[in-house]
Structures are given as structure tokens and as C-alpha cells.
Amino acid sequence: MIIVLKKQISEMQKESIRSFLVEKGYTVKEIVGQEETVFGAVGQSTLDIREVELLEGVANVVPISKPYKLASRELKKEDTIVTVGKVKIGGNRIAIIAGPCAVESREQIMSIAASVREAGAVILRGGAFKPRTSPYAFQGLGEEGLKYLKEAGETYGMPVTTEIVNPSDAPMMTKYIDMFQIGARNMQNFELLKAVGKTGMPVLLKRGLCATIEEWLMAAEYLMASGTDQIVLCERGIRTYERATRNTLDVSAIPVVQKMTHLPVIGDPSHATGLRDMVSPMSLALIASGASGLIVEVHNNPEKAFSDGPQSLYPSQFEKLMRDLHSLSAVVGKSLE
Amino acid sequence: MIIVLKKQISEMQKESIRSFLVEKGYTVKEIVGQEETVFGAVGQSTLDIREVELLEGVANVVPISKPYKLASRELKKEDTIVTVGKVKIGGNRIAIIAGPCAVESREQIMSIAASVREAGAVILRGGAFKPRTSPYAFQGLGEEGLKYLKEAGETYGMPVTTEIVNPSDAPMMTKYIDMFQIGARNMQNFELLKAVGKTGMPVLLKRGLCATIEEWLMAAEYLMASGTDQIVLCERGIRTYERATRNTLDVSAIPVVQKMTHLPVIGDPSHATGLRDMVSPMSLALIASGASGLIVEVHNNPEKAFSDGPQSLYPSQFEKLMRDLHSLSAVVGKSLE
Amino acid sequence: MIIVLKKQISEMQKESIRSFLVEKGYTVKEIVGQEETVFGAVGQSTLDIREVELLEGVANVVPISKPYKLASRELKKEDTIVTVGKVKIGGNRIAIIAGPCAVESREQIMSIAASVREAGAVILRGGAFKPRTSPYAFQGLGEEGLKYLKEAGETYGMPVTTEIVNPSDAPMMTKYIDMFQIGARNMQNFELLKAVGKTGMPVLLKRGLCATIEEWLMAAEYLMASGTDQIVLCERGIRTYERATRNTLDVSAIPVVQKMTHLPVIGDPSHATGLRDMVSPMSLALIASGASGLIVEVHNNPEKAFSDGPQSLYPSQFEKLMRDLHSLSAVVGKSLE
Amino acid sequence: MIIVLKKQISEMQKESIRSFLVEKGYTVKEIVGQEETVFGAVGQSTLDIREVELLEGVANVVPISKPYKLASRELKKEDTIVTVGKVKIGGNRIAIIAGPCAVESREQIMSIAASVREAGAVILRGGAFKPRTSPYAFQGLGEEGLKYLKEAGETYGMPVTTEIVNPSDAPMMTKYIDMFQIGARNMQNFELLKAVGKTGMPVLLKRGLCATIEEWLMAAEYLMASGTDQIVLCERGIRTYERATRNTLDVSAIPVVQKMTHLPVIGDPSHATGLRDMVSPMSLALIASGASGLIVEVHNNPEKAFSDGPQSLYPSQFEKLMRDLHSLSAVVGKSLE
């Protein structure tokens, strides 16, 4: 931590700041400049920096250490490759996860699984527990939905992923799925992170709607500290002042995150944009920026979907997108998983 | 819902939009202007408006109905007065909730309870389950903390409130506390809202860090639909681009919320600002804008606090604040509870 | 405009709202639904909608007409192709504008012009008047810089563009340049827009740091109403809460803007990201999303640049980028101009 | 500046960073910690910190010096008292500026001047050059408006203030007015800042819609570096994701700014909220938080106002507000100027 001192600081105040830091376990060095004097304080303490800000004579305090460790690229230089069933995510692969917003019936998920598999998707998605903004909206089929999802995945040879919303569901869900999803609204639901981390299973961790990249990595740190190291980060749009789009897809987060962590990062163009015709251009933009994959909503009958129909691709649109992604993958030096 | 039609729309497209809406249960009226033609569609359907946006010939769709009903001022014109133990929140009262960020020991909470009661606080706060950004930080005393909190409240004649973070804790917690707190990070943790709503107990519902006012009222709607109507809303700062303050306290939300809902709204100057010297000016600003109360962090020894010490007032600062609030209450035509 | 009425509205209030609107020149239709009653009001009046919001009995007012006309896709269906010297921007072309942040000397701009031309850029950029955040920073070479820029453009066969910051400079600048640039900070400097519009010359209009897409189109409308229809929009990043990147490049604005207006839209990956290694991935993302071109900063000696060196590409990086863009253009069905 | 080094940095890279900094005129000290090694570099250089970020082996760079000097509280400890005619702004005074959005006629401004003076306002406002979002809206009376404003100010004994939008107008305007206003959209119109600064006259500097507090102080620095030290800062709402209010009034900016600068800061509740009934609660909140005054829009006939009628107070509302401010001033230990 760097402590910038006020220009009018007295020697006594300076001494008192130094003692405070030393007592907390820091080594302190003074740097005297023409415009300002600063203390550099290093140590392993987890002091709240605001405590130092409040000391007399302190102008400003700047943290140096990153709060995340296990997720950091500094700790582990090479890319983590996450394994979901037989599918690998990370490195030079592009992995496409596809399926409906919600599992609505056995027939529906079987039919969609068949078409996304045919088009080239490698993991099947489908919600069974839906966190809806309105208490009056469809909340998912629950465990029954998980059964259908598992059956569809097995039939078409795809590992499956679904969202968890209640910590107490974690043990039950491990029987049906290959990868957990933590939704944007639950990115800082720490009880949920701990429950999922404990299972040791792969997790798709979506970025919260107003989470900084650092907070997102701290959520990954929670998962890692709880017991899993198989984490795929997923950018899905952030909230900004702009309302012409549902959210603002933060495409530049992709290369930034790749510098900060060894975990793979993919994108969710469906939730970011909320509208079908935006999904393809944003899918291409995400992959062009370096993303390791996508999670895309596809529905065989979007007009009748129980939720998020308007952002679901028709199977034929998804096929076209897969062909474009195939061409694009060569431009960025990768290949489709 | 209002559907703005494209200028070049054909008669067939128009007819097809009309049929779509009628089939979904809407009554449709056409309004022809010089610059644009719109359809007004009214009905009780809960159609996703994006489905209409995607129809050929549609330029734009504007929702009219509010998604919240029970929380709406239209449904209930007069102010709701929330009763927590013997304390009333709402109307012309100003209720001050105070206490430490976290219950750290029996001695600590007893001592702080004594001083905030003496200064004029009417409800005691103290965290037992702490949702911390870092997995390595102090996570609270758990049920033991609740026991101490209850004892302190009973000793000094104050109802008590604490944050809940796991839905499965709700039944246990009702034995110890008088009001639940839902934290900002959990405002859209719908499983938690449902579990708390089911208890029927009073709830302090903090606004999420990037929640719109409408989403905040939808979270209140979840609680109400689940079984409680004793809800106090709490503004605690939103995330903006500005980083000179921890969050941006949205003071203008106070009068806006009061027009939209009958539920009382208070403010949390401690979390909004994160720094002790900002707490008093922001407390006065909140009350001046019309808030029904405050929740303030006070600690008898902030330097040794396990969490959020830097934003906790010293007991003497809290006493001074209470005196200022007393003078201010007359200016806004209210009185301290 | 749509006026949503309060449920408890009296007949007299209703009548009074209707008369108010009719008097202002609107035609009013009433739509009675089960949940709400609304008035649809159409006309050519430019009433401030807040005046209606303040009438007794009004719950909410929703504007319908777009405030921009000339810039609207409704008015002109086919893409505008902007002509800058011999270069065309828009349609199925991808036009690359490149050059240094600032013209620093005759030698510098000649050297950079040679290398960007060689690599495939079609328009040369270079600042002569620099709007700097600090009054103590380099403010540009002024008219002398324009002379060097013009000479470099003529020597290497490229039209040139530069930023204008003072309305009174417009007539002088037309002698030297082929396209004006309006910078992000001046997007709502209406005096500047009017002065530039009056010249009738092509304009590159950057989006303001916190401008909505609608406000951006309104700025284009100012230019069009003042006398030019040769406008290229340029997305260059918006301000959000995220600070891991300098700005948040709003890539999804590209397809959204293309639906709303007939004007071409390009992207500025250099200012959006502020760092050299982010420029290439974001360039690819912009083109993948459908942008009609890019404006990129290139410097022959970035370490010695007077401004923005860290975001300038080395000539060799720019060549590599041009090769990647060539491959990518086929994927999106376009070709490099 | 503090340079955090990568953990895997080589000795050669370290040496190369050190030489780079020394060459640029910095004194460099190394601080070795258990978790990280940092360089502290002090000096008067104005190096772009991104140049250091790009060096091999650098993990992160943290600036220490503030970019503003003259505006800084470090340079000048005591409050600046700005003198506008006979009125003083700053210290323990509360100064109220009031008047219409725009001067519309001689009669209008005379009538409003009379009533705001009677109610206790000390400075008269009124726009003559209006920066309007739409090119088709009323743009102000120009110099004629300034004449009426001056006459009204003289008749009722109030200094007057108005907005400037074109740098070339500055000399002409000094004949009519006592204080310039720089509007939010022009806060970073550096040509305008320089032109106004050169006049040496008092300036009311509004915060830009998405300006950080630091950028706002840099704009004040521009004015000071150009020749005036009579600057009043004015908070008028920032742009956030929330749309239930026009802007988000950043009330906590008031105490924050007061720590950072010696210049007085006031608030503009009219533009921040955009609606008449929000003006009074927000006025009280601003003064409660410590603001040195307000600028409030008042109109004798808001329904007929050429612009911003809906946010203008009726004279009777303004009188009531002045009485409330009188009571409130005692609570915050100040008195109305």
C-alpha cells in the first residue's frame, strides 16, 4: 500500500502513521519527492485501507496488492483448460454452448438438442430454476427439467449445464448436470458460490450486471477457495446509461480479463442484447476480440417460448452463425471445439 | 402497450400485427397522426414486449402498465406504517436504527446498544452473517451473534435487525430478531426474498448497487407476494462512474420513491459513503430530502472493528448527529420516533 | 405522445387534460383498458412532455416521435455513402483512416503518411488543435500543422482529416482539409456543430463520452440542419463504472445505430482502449460487428510522441492489423476500400 | 508515481525500467515486500503513465500527484470567497441565485427579478444564449437578452449571471454581466474556458454530465491558468443508469469537493431533477450537505416559458423555499447572504 502524505504534515503525525503501520505488520519506506512525500508499506496484512486514510496527515492511500490470488495470472502463467465431460474450454479452442433459455418439456429439449448438436454446439444449456424479475412469471420446471436435460444431453452426446439459484440444491443437481451456471444476479451471492465450489464441479460464472472485473475475479476466487478450479468466466453485458440496448456488452473485457487471469472467458450475446438480430453480430465481435467460446440461446419455436423467446435464435440462424464462426476462427488463429 | 408503426408499413403487415395482439387478448385502437401511426393495446396479458418489437412493420413498443402492483401507490394511496416491535416507521416519524456493522462479542454489542439507545436510536442493528467480497475476510459470528444481539435489544428496550444471507436460515432467525435485512447484493436473490417473505416479518430491503427504482419495487413485490407487507425500503448508494466516493448516494430517489409506492423509505449513509466524516452531512441530506429514517453504523471502538470500522461513527459523533437531526426534523415537519 | 392517466382521475381532470392537448394542436384518442386508461395524442407540436406530466391526473407521459428527422432511417431508407476526396465510406466498403494523434513536424507526418498508405489506409488523420484535459499539456501546432498534413496527404494520395475545436477556425480550415472531426468532448458544442455544418464539408462525428445514441443522432441532425449531409458517425467508447479499461467500447452500438440512421458508422479503437495491445482485438471486434471502417492511431516512434503515444500502433503492428482486416472482411461480406 | 513490478520480472527488466524513469527526471526508490516489489518514482515530469505501463515487467502504475494545482486545497488552505458585485459566495454564507431559464422579454425578466429579489435571492440568472439539444428549438434572445438582464439586475440591485456558449462572445458579454456561467455540456470546451478565464471575471462552472470530480477541478484549473481565480463550482446532476430522475444529483460530491479544493461549491436542483416538485426537497438536501448556495429556476408563468417551464418554481413556491432555507441555515451553522 502507498500512503501519500499531506504537504503540511508534522513530524509527529508522520511518526504516528509509521508506528501504526509497523504495528499492523508492515515494512515502511519513505520516498521524498519535490511535490509530495509518500510511504510505501508492504506486508501480508489485510488491513482495510480506509483505516489508514483516516489517520491525521494522510492525503490518499493506494492499494497495491490484488485481492484475488488463486485466480491471478501471476500465480499461474499458463491458460487453464476447463474440462466439461469430454469437452475442453480454453487455449486455442472455441467452444459453443447452446440451447433454450428454459427446459419447457421433454419434447422441446430433445428437439433443440438434436438441432444444436447437428449445427456444431458441444455443450447443451437449458434452465430448470429461473430467477425472474417478476414473482408472477414462469419459474422453471425444477428437478423434472433437470431430468429431461440430462436425457437430452446423453442422447445427443453433449455434457449439460444449467443455472443454480438456491445453495441447498447443489448436491441434488450434481446428479444431473456437468457444469453449474452462476447467473449475473447471483455473482455476489456468496452462500451460493460456497455451496457450488464445494461440489468441485465445473462452473460457468457470469459477470454481474454492475460488477467490476476485479469483483468478478473475486467471485471466481470464492469458488476456488471453496474447492473447484474448473471455472469459465462469462461476459454478458453490463449496465450503463445507454438504453437503446438492453445491456452494454463489454467486449473489451475479453482481452483485459485474459491478462489478469488464467481462467478461460466466453461471452453470452443473447442476454447482453436481448434481441435475436443482435446475437449474430455480437457473437462475431466476441470471438474476434479473443473469447474462448459463446453461450447462445436457441429455440425451435421462439414465438411459443416460456421465457426470452425474442432473444432466441431459430435453428437455421444458429446454423448460419456456426458457419460464420468457422470462417472467423481461422482469422483469429483458433479452431472450433 | 403502445406500438409505434413504421412509416412504410403495408396494410397486410398492419393487419397481421393487429391479429397477433387480439389473439393474445388485447383490445387494439389505432391512432393516425401526421408523423406517425400507433396502435394502443390494452389488456391483462403478460406478453414480453420484445415479441411485438420483432413483428414486421413495428418501429417501437412502449410498455404502459407498471410491473409491480401490491407495492404501488396507485393500489394503496395512504402511507404504510411499518411496525417493528413497538417502533413505527413511516408517516411523520423519523426512526433511527443504529449499531455496529457486525456483532463481535457479547460485551461489544451490549456496550454499543447502551450508547445508541442513550443517544436516541430506536432499533438496534448488528450483523451476524456477513457477505464479504473476499473469501478470506471475517464472515460473522452466526447464530451466536444473534443471541447476543437479542439480549442487547431486550436489555435496552430496542427491537433488533440483522442481515440474512441464506434462505435456509430464515426460520431459525425469526427466534432472535424483529426485522430482517436484505442486503444490496441480495436484492435480486429471489430465493432469499421468497424465504423471508414467507415468515411474514418486517423486512428492511436495501436497494441493489445497480438496481433501478423499478427493480427495487419489484423486489418489494416479491416479498409482498410471498407473505409480508411490512417492508421498509433503504437507499444505500448506487454505482456510477464517479470513484471519489465509494458509491453515489441517490438522494433524489427518496422523493421519487415516495410518489411511486406507499412503503416507507429510509437511507443508509454509512455504506453509501464508506467514510465516517461523510456520514453526518449525508444523514442530514437524506432527512432534508424527506426520508423516514436512517440506518447508521456506530462502534464503541472503530479502530478495532472487525469490519467497516472506517465508516462507523464514534458514540460522541452519533450523539451530535442525533441533536442535529432533532433540529432538522422541525424544518421538514416531522418528529423523531 | 401517450398519456397514461391515474386510476383515480376525475372526469373534470380528464377533460382538462384533453382541452390542454387540443389547444396545443394535438388530436387526442382515448383508449380504455382493464388496468389503465391512456390518451394517445398526435400532432406536429414540439411541446415539452414534462408540461403534460405536471397536469393533475397524469401518471406518466411517453414520447413517440423521434426528435431527429433528417438523420433517421425512416426518412431515407438506403445507406448514405459519404465521399471524402476520392474515398467512399459506407455500404459494403471498409475504410481505414490512420495517422498520428498529433502532427508534430513535417518530417513526422510525411513519414507516417508513407507507411500507413503503404499498409492500406485510405485517409490520413493528424491533430493540429488538441483539446487536452490539462492546461499545461501540448496543445498542437495549429495552422502550421494543417499545412504539413495537407502536404503529406497530397504527396501520398490520401484525403486528410483533423479535429476542429473553435467555431471561428472553420473557414480557415476548409483550405487544408477534406473532412472535419468533431471530438467526443465537443459532440454537444452546438456552436461548433453549426459552424462546421455551414461549410457543407464531410464530418466525422465522434460519440460523446456519455452521450446516448439518440443524442448522438441529434448532434448529426444539427450538422444536417446547418448544411452538410456528409456525416460519418464514430463510436469511441463510453464512460461506465468499469475502470479496468479507459472507456467501455460500445460495440453493440454499431448494429443498433445502423437500424436507426442511414449514415455510416465506424469505430475508434485507439481512444476507446487507450492501450496499444487492445487496439487490434477491438479493431477486429468492431469490423465483425458490422462497422464501415476504423480510425486508428499509428506513430513511427510512439515512445517520443507528444500525446497518446501509448495507444499508437507501431507501423508493423498496423500492417499486421490490415492483413487481418483483409481476411475478416470476407467473413462479413465486405471489402477494404 | 508507483510502479508495481511483475513477480517474474528479471533483473535486466528491472534495471531497464529504472533507467527509463531516471532519464525522464525521476528519483526512484525500490520497496521489496513479501508479495510484491514496487518502485516509487518522484519528480516533476509530466510523463503519460501509460508509457510506463507498457514497459516489460510492469504490472501496474499508480499516479500519485494530483493533476490540478491552483485549485487544490493543498495549495491554499483557507476557503476562497468569490465576490460577484456586492455579493460574497463561500465560507459561512448561503447565496441564492434565481431567475428564469431564459430571458424572454424585458417585461418577463423585470417581473421575475422583482419577485425573486423580494423573496431573498441575491443574484439574478437568465439565459440569452441557450444550448439546446434540438436545432429546431428556441435558441435565446442573444445580446438583446443581455441588455434586459442587465437592466433588471440594476433596477432590483442584483448582480447578474448568464451562460456563454461561444468563445468569441466573451468580450461583448463582459459589458452586461457580473458572472459567466459555463454549462455542463461545455465543461470541457477548453477554448471556451480559456476565453472566459482571460476576462478575469467570476465564473460559475457547472459539472459536466459525466465528469469526474477530478475532471471538474481540471476545468477550474484551466480557468485559473487563464486568468481568473473567482470560480464557483456547481453540482447539477450526473448521468447514471437510473432513468426515474432526469439526472442523479450527486449530493455527496458537495463534502468531497470541499476537501479537495478551496473554491466554493453550490448546487443546481432545477437541472438536476427537471421537475418542479423535486426542486424543494433537493434544495434542502444540498444545503444540509454543506453547499454554499443554490441556483434555482423561477418563472412568473411557467406554463408559457419558452424553455424548461416544468422545472421552474412559481414565485410563491420560491418564497416558501426561502423560508425553509432560512430555518435550515441555522441547523448547519450558516446564514443566508
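The letters A, B, C and D name the chains in turn, as written, and every chain counts its residues from 1.
Just so we're on the same page, a contact is a pair of C-beta atoms (placed from the backbone, for glycine too) under 8 Å apart; a residue touches a chain by one contact, two chains touch by 3 or more.
These figures come from a predicted structure and were not determined experimentally.
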Between A-C, A-D or A-B, which repeats the contact pattern of B-D in over half of its pairs? A-C
Sort out for me whether B-C or C-D is joined by the greater number of C-beta contact pairs. C-D
Provide the C-alpha centroid distance between chain B and chain C, rounded to the nearest whole angstrom. 38
Centre-of-Cα separation between chain D and chain C, whole angstrom: 26
Residues of chain D engaged with two or more neighbouring chains: 210, 239-241, 243
Taking the complex as given, what residues does chain C use to touch chain B? 2, 4, 6-8, 27, 29, 31-36, 38, 40, 42-44, 59-60, 62, 64-65, 74, 77, 210, 239-241, 243
Inside the complex, what are the residues of chain D that reach chain B? 210, 212-214, 238, 240-245, 248-256, 260, 272-273, 277-278, 281-282, 284-290, 324, 327-328, 330-332
For the complex, which residues does chain D have touching chain C? 46, 48, 50-51, 53-54, 67, 131-137, 165-168, 185-186, 188-191, 194, 209-210, 215, 218, 221-222, 225-226, 239, 274-276, 303, 307-311
